[in-house]
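Look at the two complexes coming up: chain A is in both, with chain B in one and chain C in the other.
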Partner chain A sequence: MFKGALYISLIISVSGVIFQLHRFRKDGQFFNRSKNENHIKSFFHIREFLLNTFLQTKLFKAGKIRWGFHFLLFLSFLYLVIVHALHDVTSSVLFKSYDPTVDPYQFLRNLTGLMVLTGCVAFLFRRRFNIRSLQDKSIKHKGVFSIILILLLVCSGFLLESSKIISEPVFMEMVEEYSDLDEETGLSDLKLFWKDNYNVVFTENIKTTSNGLEKGRLLNEEYCLSCHSNIKSAFISNTLAKTISNAGNILNQYRIDTKFYVIHYMLCLSLLICLPFSRLFHVLLIPFASSRQNLTLDSFLENKAFINIASLYACTNCGYCSRVCSVYPNFQITGNQDVLPHWKIESVKTMMQNPGAANWWRLHAGNDECTMCRHCTDICPSGIDLQSLWSVLDKKLVTMGYTNNTRFILDTSLKEWAKKEEIYTGLIPGDALSSNLADRTEAFENCIQCSICTNVCPIVDYDSNQNDITPQQVMNLLRLGKKHLATGTRMVWTCLTCYSCQEHCPKEIRVADILLELRNAGSNRADMIQQRPIGLINR
Partner chain B sequence: MKDKQAINCDLLIIGAGFAGMVAAARASSLGLKTVQVGNSSNLFLVSGLFDLLGVYPMASGHILHDPRTGFETLTADCPHHPYSKTGYKKVLESFDFLKNFLASAGLDYQSKNNENYFVLTAAGTFKPSFMVPKTFLKGCSIKQGHPKRVLFVDFKGLREFSAKQIANVIQDTCSIASTLTIEIPDVSSTLHPTRLANLFEDIQFLNFLSKKIMPFSKETDLVGLPAVCGLNKSPETIEKLEAMTGLDCFEIPGIPPSLPGLRLKNAFEKQLSQNNVIFLNNSKIQSHEFKNHHFILTAATENLMAEITTRGVILASGRFPGGGLHAKRERITETVFNLPVRQPEKRNQWYHLNFFNPEGHAINRAGLETDDTFRPVNQNNTPVFNTLYAVGSLLAHNDWVRLKSGSGVSCVTAYTAVNDFYNSISAGGLDV
Partner chain C sequence: MKFAYFPGCKISFYMKDYGISFEALMENLGVNLVRLPFNCCGYPARSKNFEVSILSSIKNYALARKYNLDIITPCKCCFGQFKHSTYWYGQNKELKKKIDDILARENLFWDGNTQIKHLLSFLHNDFGIHEIEKRIQKKLPAKKIAVQYGCHALRPFSITGFDNPYAPKIFEELLAVTGVKTVEWSKSTECCGNPIFDGNPKLSLKITQNKIKTAGDDGADYICTACTHCQMQYEMIQYQKQLNNHTPTTVLFTQILGAALGINKNKLSTTGRLPLFPC
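Our next item is the complex of A and B:
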């Protein structure tokens, strides 16, 4: 029966993986505009792949404590899967001395089980109490299912072990199989020894005599010791066994150990079945996603249409990206969650699977506010190349008629823009995104026009011919009271928010902050001018 | 929300200008655990030349070939001048230290022991300076030796540098001064110095440049370029260009933002971080107290707060532009510790009526009064704190702009102060 169930779940699991991959492929077609652009440029970074798969280096960079727990869970679970679950094909073959009840395997099984438990509890604890500001109900419970499944699996494992420890029937089976002892040849002595040292619960009352104990010890050495280490090394199950030993006779009577065995086995199979359909799938997808790293400028330019959809599903909604997001303040003001990377990626998935359900305007507004600073890509513990995704998404949105404001501004001459902009000045009550730095003279009046900001700006360096106005000139426009002009300058819209200018400014002016704010104000105006519904929905 | 962190160190340096950098360099090479706060971007604005003393006496504007002669009269005339507290030898020693420190960061500076160089500037004038980058050296020979044939090169779009202007001003000094303006394809309007410096590190650009220069090779000995030849590898870049053209090339320092200043900033930052100096960029000292022979200061930026516990403090916060001094309506104040500032009694004495007064203005000599080891003193002439030092342009009696002595004063005061601090703690005088 067990074998049959195993094969069935294996088949389900494998076909699930195939089904998912097929779905990714289908979703991928959503982005491809024409067949010509459907060239798959595959690049495989073996180093990133190995480091991030087996050491989770990216998670280490993002958060040390979280990495600690995750790595414990990962290592322990890996150990349990390979050495314990698959012992028929792995450890029994590889290690001659292997037996589940022999040290160090007995001890290690308990230790790794405990570590997995700790990891799971830490996960649930963090989900409950941490990063609440970034979490939304619909993604808050993602991943909880798989973690609870693992939790139950480990718990049932411990229960199984402890119920076996106290079980008299199991003891008798073993005696029959591995020895020729009976009541006359000292079985009761062995029972006595096992009752004392291995916590087995017997129905009959065995009298404790030092003579009997000594005999039992010798018998134990002869028949059992080669396969049974000191039970104390199974420190969790042993403690558990002691606590349930009072009810031991009843439990033994119902053969509770076999029940736990079924539960443990079935949970294991359900984990296998759930693998392709739950968060667990990330163990397969993250290695894949992290091998696609370090896009150069060239590959970025060449590789426009294709993104690997599978890597999107490597996202675990951990929220690190949103914590470092340059435009996180935009979310705080507008409440548009599609600004935040870990949320936006969910919207992209929705968009691909069910275009009708997506809030296109909101997604468009969120993606339009992204400054391509690359912080999310750099920190992503799953190694997803988020930045390429955003630019691909941008192109997709444009082809669907949601032209971005950046394009609108660049197509409008500065003169035209200033004229259009002025019509709307003062019309918008509570312009929350723009009534801060750029309207406060003390924020920019200290500018001495030393042009350091211009000299350190990577955008100015990259296309100095295209850029009409440099950062220091934007500051000057503000000093001249021409904020409505400043919002339409190319500089404001191509700023990457790398903050070089702000870090280098000798007068400590918040140049990058001002540029970002101007961009938001301009975006607001552009929506107004084009009479788009975004302004009314979000701001 | 601000992240808080606590830092323990031997010496805190407030300020990341030239004096602060020298202090950090000295402290870290003595093995002191050093923390530095400030904004190093001001170094982007300095010329990259190190002056010791270029003019003395101030009133006559006498330009010094040999800084030592001026130095001796200065110390005799003005016993409170920072130089009077160190002596000439110490100045040379500190410059030597600086030269070696920068050399280990890959920046090549040259000096002659008792002589100033005369560096050709973008205005066509010659500036007396004591220690100069190697790439400037060949320009210094124009003033001294036989008249030379010089080609001045400028770039279309690079503002504030005109070959024609230089040629016009110095035509008497050279036998032939010709000019060449280079137009870089694909650059239409403004050319920014850092972008040009990046181009210089590209061998194809050097090829292009040498092709433009080659037609002049027969009537030229020397080629003068604006100081934009490479970002960090300027000597190598110049050498490559010399090999391509067969002519001697040199750089001409101009107005800010200056690449030699940026090279200096990069060299300091690179070497200091290698020496494990903790640099808290852009943070400001918000509060300070002194307890149990230790200073406890809070340094803060927009999103970070650090509590620094230190045995000594070097104040190198600069003057008005750097924010070390602040001019209120009636008084000048010191901004970090609110130390007493030596200054004219009334505001109307700050400036002389004649703006171009050869004696300078009283406000330029305002600053902190210190003892012989550069510890700021109070009205009774005793140090305010035993381990608080003030160095650099913050010091009184020091009109460095007119005397062309800015780098020298900053360098020697920072060097002396750190040495004194080091001696006092290694003597164990503080822990008692």
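Our next item is the complex of A and C:
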């Protein structure tokens, strides 16, 4: 039955992996790669692959403590899988002396179990208490399931071992199998010895005699010792066994050890099944992701970028990227979580799988803030090429019609903009702070229309055939009370912010600052006109 | 001397040469650079969201204040944004309160006692031209160089206090000690065109092309920049190969001074090649 279950789980697991890979391929079609992008050489960084898979070097760079816990868990779990779980095909073949109840294997099993347990608890603790405001609930709970599964697996392992320690039936089975002892040839002496030294709980009351103990010791040496090291080395299970020994008789009567065996085995299989469907998949995806970094300066300047969809699922929501994100202050003011990489990557996944549920404008507003500083990509412990993703996403959003406000306003004629004025005047959110110049008459009333600003403006010069009004005319619009009209002028939106006008103004009017303020206001208005959900963003 | 080094966002990916040559130069001059977990200076957000742009730089100030350091940056747009933010932070009480509240949530505060230095004004005013002159190892070939001053450091003078905004001279003076010749360039203080590259690339590149052309007309072999964004803009044109062979190409100030100070080429450029020295 166990064999059958194992094969079924294996089949489910493997087909799960294939299913997921198929899904990644389908998701990838969302970005419908152009021919151009396919020409980008895909590098296989073997060094990155090895270092990050086996030593988790990127995590080490990001956070030493977390790396410490993670590495212990990784090593211990790897040991348990190879030496303990697969012992039929590995350790019994490789190590001649292997027996689960012999040192050092007995001790190491307990030690590694403890380390995995510590790692799991540390993970849960961090998730519960040590998460900064940038972690949202839905992200906070990701990955908890698989950790709890591992936690249960290790606990059931310890319980199984301790229930076997106290078990009289298991003792009797072993005696029958490996010796010819019966009551007359000293079985009770052996029992006595095992009761004292191996913490087995017997139903009958065995009298302790020093003579019997000595005989038991000799029998133990003869029959058992070669396969049973001192039980004290199983330091966790032994302690646990002592704790439950009071109820030992009842537990033995119900053969609790066989129950724990089934539980332990089944948990093991469920972990195998969950591998492709839960956070556990990262053990396969991170090596893949870290071996691939596609964005180079050249490919970027040629406007080519390329992402491996599978690597996006290597994200473990650790949040390091958002901690180092250059535009974190933007999130602090606007509250738009899609500014932050660890959140944005989730939004991208939603966008690919369920385009209807994605908040496109918010994603666009967030991605538009990215300064391409590469901090997130450099720190990502999973080795995901995040910066490629942001630039591909940017292009995708533009092709879908989500452009930034500059483009929108430059494409809108001043006439249309003026028409929209009446409809949207009342809707401009008033709580955002500004440099507060365009609304204060004293900031621009001194303008004498000398046109020096216009004469020094490079835009008036270079953009002469398209430019609508000049800086001094913008000042005049303000004096006429036409601020909202001014926010849509080409002059405001193509201003280089070179401050020549302001420097040269004989009346010391902050011309460039006013133009910038008008651009900010115009940006808000464009958001309203396009009915972007900025209400969601401004908190 | 010890400074918190503010590289800005673009150096780590686009402009590695500027980053490494700046660091090599500072190391050579005995200036200690400390790296802090800074965020963006706020310059890119300036035309979208006033609050974000001011908070970004004030947060950086507060971080440097925590370590009692002044900030040095090789980027003029970052420098300008820092100065700009200092001004508005002091002007607008309401804004100051809002920012202080956000900083307090992260156990940061800023009392205004942090200076921002740009590479050029630092070398000229604080380090001293004579100090640099003493350290010059070799005089460079007398190539003709036009300097791009960079708007955001130069103007408005009342806020940035960089140099005389109408007739600046510190860039030329700093270059003069290396042996190169500077040319009078009519558009030396004009914008490079980068700020509108995202919104209106065509116009942006038109401005840059015109600048390069006039620099050539004024006799320049090279255009020297000391700003990340200016350099990016000129390199963009070079990358698109919209130039003929006779027009001047761009060169970083840190590479010129670094070469004159005898710093190894490989420390000044990722490719090991410097524009001024083909050999």
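The criterion applied here is as follows: the second predicted complex is superposed on the first by the 385 of 539 C-alpha atoms of A that agree within 3 Å, B and C clash if a C-alpha of one lies under 4 Å from a C-alpha of the other, contacts with A are read in each partner's own complex, and residues count from 1 in each chain.
Going forward, a contact is a pair of C-beta atoms (placed from the backbone, for glycine too) under 8 Å apart; a residue touches a chain by one contact, two chains touch by 3 or more.
All of these numbers come straight from a predicted model, not from anything done at the bench.
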> Does the superposition put A:Q106 against chain B (first), chain C (second), both, or neither?
Replying inline: neither
> Thinking of the overlay built on chain A, is A:E517 touched by chain B (first), by chain C (second), by both, or by neither?
Replying inline: second
> A:S347 contacts which: chain B (first), chain C (second), both, neither?
Replying inline: neither
> Which partner, once the models are overlaid, touches more of chain A's residues, chain C or chain B?
Replying inline: C
>> Just to be sure I read the superposition right, which of the two partners does A:N52 touch: chain B = first, chain C = second, or both, or neither?
In response: neither
> Which partner does A:Q337 reach: the first (chain B), the second (chain C), both, or neither?
Replying inline: neither
> Regarding the shared-chain residue A:T406, is it in contact with chain B (first), chain C (second), both, or neither?
Replying inline: second
> What is the contact status of A:E503 with respect to chain B (first) and chain C (second): first, second, both, or neither?
Replying inline: both
>> Let me test your reading of the model: by the given contact rule, A:P458 touches which partner, first (chain B), second (chain C), both or neither?
In response: second
> Which parts of chain A are touched by chain B and by chain C alike?
Replying inline: 503, 510
> In their shared complex, at which residues does chain A touch chain C?
Replying inline: 297, 300-301, 324-330, 332-334, 369, 371-375, 378, 387, 404-407, 410, 432-436, 458-459, 462-463, 493-500, 502-503, 510, 512, 516-517, 519-520, 523
>> Touching residues of chain A toward chain B in the complex: what are they?
In response: 450-452, 454-456, 460-461, 464-465, 470, 503-506, 508, 510
>> Please output the residues of chain C touching chain A within their complex, sorted ascending.
In response: 9-10, 12-14, 16, 37, 39-40, 42, 44-52, 55-56, 59, 88, 92, 94-95, 98, 102, 151-152, 154-157, 165-166, 190-191, 193, 195-196, 198-200, 203, 206-207, 210, 236, 239
> For the complex, which residues does chain B have touching chain A?
Replying inline: 39, 41-42, 44-45, 186-195, 198, 256-257, 281-282, 302, 321
